[in-house]
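Two complexes, one shared chain (subunit A), two partners (subunit B, subunit C).
So, the complex of A and B:
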């Protein structure tokens, strides 16, 4: 169990994380938030890339700074991943396995296991620079899996990926052992809709929400309407336009409003709940 | 494990990993042997040797160190490399630096047959190279740029050549004077002290490095 207690982090005078407390148990967590919410900073605190107060982060009851083996339980995929481009996939994995101090015995099997789990086995001897963007991301996921860590952290893992690769990522996550703690940080709600058990919404360094996906959907219950684009002009500032789409009637808008409106109410989605929180609806 | 890591780091450099060896074992002999044939073991040749080894060799002594750091300071996702301990690359740097000096020692041992004081000059070279080690270590983790580190290090070696010192010192160290007690006191010992300070500072900035891409 990874527990964060009253974590604060500032850079100069700017407070990026503000007295944040959250517990990550086993399961898949979606860490949602807009750009600048503090998601990456939180992750860097968890991975000890940024120094933190000694008791702020504990793993199985032990402060991580005092736990020698803590980082061996962590697998991390940063937001950008493009290391060792002139090495082959195998050599890059071997390098990262070495950096992670994975025991030498059985390392070859471990590399093959991880590369196979991300469907890159046919490119294991190819140079990293010859891989497509999606394949490089998959390599990043593979290196995070090295050593079978208990905590897996993926920072914006689907950024820049095409729909097929995003689906592939979701399939990889769905196959992970549910006893692990998996944290997927993203600002794309659809990334976590089908993969995550619980959602944490960060905004301006604070936790705005922590709960299940259904709980987040319920935040928007009774606040989601479908109206025509023309009607949104009459509503003015009483609503927030969540999305637009075209159907037989023309351009329709999915809006969020705390006011009781005379339009068609629809069932809320995860994205609706998320936007309600962000926009204060 | 560290040997495998170093081997992979050098593999990542591709052709660039051979540059110091080419300088030491190809370019230097090709430069020196014709001059030896022409001038014999003379003072003129000794002066050339001093100038050549004090400007060319120190710059390439930090070549491997600078270029293997590229992944750590310039690559996308470099933060991943700083998650796991140790966060500093000092061991790798020292091993590669020592490897370079060992290769240079081969040349100096061969030079012994021509100049009996070659090993004293080798000691002088070690002191100069240690300063370069410290300078490049600090620069890499303060500028976060390999090209800038190379440029500044190169500029320093050119400066050492271009700035004539009435009295040599630890900073502008280029001297055509044979190694003696004066050189040891005024140049080598201060250089060792400066190098220790710079390397310690380099370790500090390496540990505190948080410029993640």
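So, the complex of A and C:
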């Protein structure tokens, strides 16, 4: 169990994380928030890339700063990830496995296991620089899996990926052992819709929401309407246009509004709940 | 080991690094092969020419490894791996130290390439002396490997602490600071504004000096403590922040390593600043022979003295120790025991720390520049012992060699003498008024040679009017009964056949009947005409070259102060028209300014007119060669009737 208690982090005068408390148990957590919410900062605090107050973060009851082996329990895919481009996939993974102190005798099997889990076994001898962006990101997942850590953290794992790769990512996550603690930080709600058990919404360094996906959906219950694009003009500032789509009626808008409107209400999605929180609807 | 191979692959698989390394290696190979194949053209540089060729690229090694290290170490950031590595326990440490290992291996590989060519030259050119092999190996180690290691660490430091733009600016600035460009700027600053930054340049520049000029074959290139300690200083200095950044926080290993490096760093710095002779550095306007020129011409002009001490030294007992500088205990037996004070001349670079009489009782003394006065305090003085230590920057005595000719008053002489000729910018050839007995023991790791007879391990004894001590890459041979001590690495002058031919040619050309027992070749330093050749009463010639000995030797038999007269005498004999021209000019000047003293040519011509040519020239020749005759020209010519 990864517990965060009253964590604050500031850079200069700017407070990026503000007295944040949250507990991550086993399961897949989606960490949502807009740009600048503090998601990456939080992750970097968890992975000890930023120094924190000694008691702010504990793993299984032990403050992580005092735990020499803590980082061996963490697999991390940073937002901007790469490998030594001039090495083969196998060699690059071997270097990372060595860094993670995987016993030399088991490195080869471990590499094959992780690369296979991300469906890149056919490229294991290719140079990293010959891989596409999506493949490199998959390799990033593979390296995070090295050593079978209890905590997996993926920071914006689908940024810059095409829909096919994003789907692949979701499939990979869905196959992960549910006894692990998996944290997926993203601002793309659809990435976590079908994969996460619980969602944490960060905004301006604070936790705005922590709960299940259904709970987040319920935040927008009774607030989601479908109106025509023309009708939105009459509503003015009483609503927030969540999305637009075209159907046989023309261009329709999915709007969020706290007011009782005379339009068709629809069931809220995860994204609706998220946007309600963000926009204060 | 397999993991380390991956890091080597990281170096080899890069697009630029192996290409540039290969290009550099090709260039090194070209230089060395060229040196081997056109050896005739390098004879002037002697058997150190291959080493010189290697050392010329020291700055290139530094530049290559500085930029290559930065680029290689920065790969983790360039390839966006940094965050991933840092999120592991000790990941950054493992990656960077392994990368450092690769870079050190590459540097060592370069060193081996250099060593290969130099070893090849060592055997191909029949250098034959094991000490030279050690010298070559160490020179390459210091100026190629250690310099490269310092560059590796500096490049690493820059990569770890600075972003790309700042890093590039820093590295370019460093390269400019250690390049010849900086030296030009420092010279301009010195000559234009009088600001002396040469010491700073010497401190930051790890590369060997004097590569553009003929090396001092008797000592090779500098491996003095200051050079080695400078390299060690920078290596440990750069290591400290690297270790602080990479090693685990609050770990015993970190504290121990950082502390050890700190201690070595401080010790190196201390060694660097220890006093001691440093090898000639001709690219330093205030170094080497310039030190004495500045002292005597600029700072102490007019402070020279000439005074009879009223005594003679009958016997010298010297115990000399040479490490970084010369330390001496010199006991002098004097003939006059009743003087109130005893005046000596000793080069000002040797600082006296104590004086004792024959019973070991301390004596009061003063030292003012080159002049020492020891008070007897009324007691009878049979002998005076002086303790002193120091060095001269040009006539060196240090761990690599000794070059202490009699020109330099490195042992005390009776009376006050003018030591330095500001016109010639060199030390006068001063001799003892009468020969003294010498017993000298030199505590030194190498073989020392002297004009005196060797009576044991670096122990000498004999009677002479002067003393010379030399050591280094020297050999001794006999040609026609004359012992010759020469720097064997100077192949151009002292190849076996050449040496023999030059000595025989000189012996054949002599017109005097002075006994010649020994010829000692000193390292060639530009210290005025007096340094070219000197003849000691024990039959030793101390000179700079064999080839010009036939012309240098006759001149050296003439006393210092009579060189001008002897030169005019030779002009009269060999180039009479020039003598006539000079005479005509002097006469015109004398007619225009009758209050002035008549010139030398006028006095000489008057003597010739009075006595006849043969008698006058013979008298002039005798006067010029008589060192004990201290009369002035006017007094001499007046005495000719």
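Just so we're on the same page, the second predicted complex is superposed on the first by the 281 of 281 C-alpha atoms of A that agree within 3 Å, B and C clash if a C-alpha of one lies under 4 Å from a C-alpha of the other, contacts with A are read in each partner's own complex, and residues count from 1 in each chain.
Note that contacts are C-beta pairs under 8 Å (C-beta built on N, C-alpha and C of every residue); 3 or more make two chains touch, one makes a residue touch a chain.
It should be emphasised that the depicted structure is a prediction, and the values quoted were computed from it without experimental measurement.
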Putting subunit B and subunit C on the same copy of subunit A, do they fit or clash? clash
Which of subunit B and subunit C A:221 touches, first, second, both or neither: neither
Does subunit B (first) or subunit C (second) touch A:50, or do both, or does neither? first
Given the touch rule stated above, what does A:78 touch, subunit B (first), subunit C (second), both, or neither? both
Figure out whether A:69 sits in contact with subunit B (first) or subunit C (second), or with both, or with neither. second
Overlap of the subunit B and subunit C footprints on subunit A, listed as residue numbers: 47-49, 71, 74, 76-87, 91, 94-96, 98-101, 104, 140, 143
Going by the contact rule set out above, which residues of subunit B touch subunit A in the complex? 1, 4-5, 8-9, 11-14, 71, 75-85, 210, 212-213
What residues of subunit C sit close enough to touch subunit A in their complex? 2-3, 6-7, 9-10, 13-15, 75-76, 79-81, 83-91, 94-95
Seen from subunit A, its contact residues with subunit C in the complex are 47-49, 68-72, 74, 76-87, 91, 94-96, 98-101, 104, 127, 140, 143
Touch list for subunit A against partner subunit B, complex: 44, 47-50, 71, 74, 76-87, 91, 94-96, 98-101, 104, 140, 143
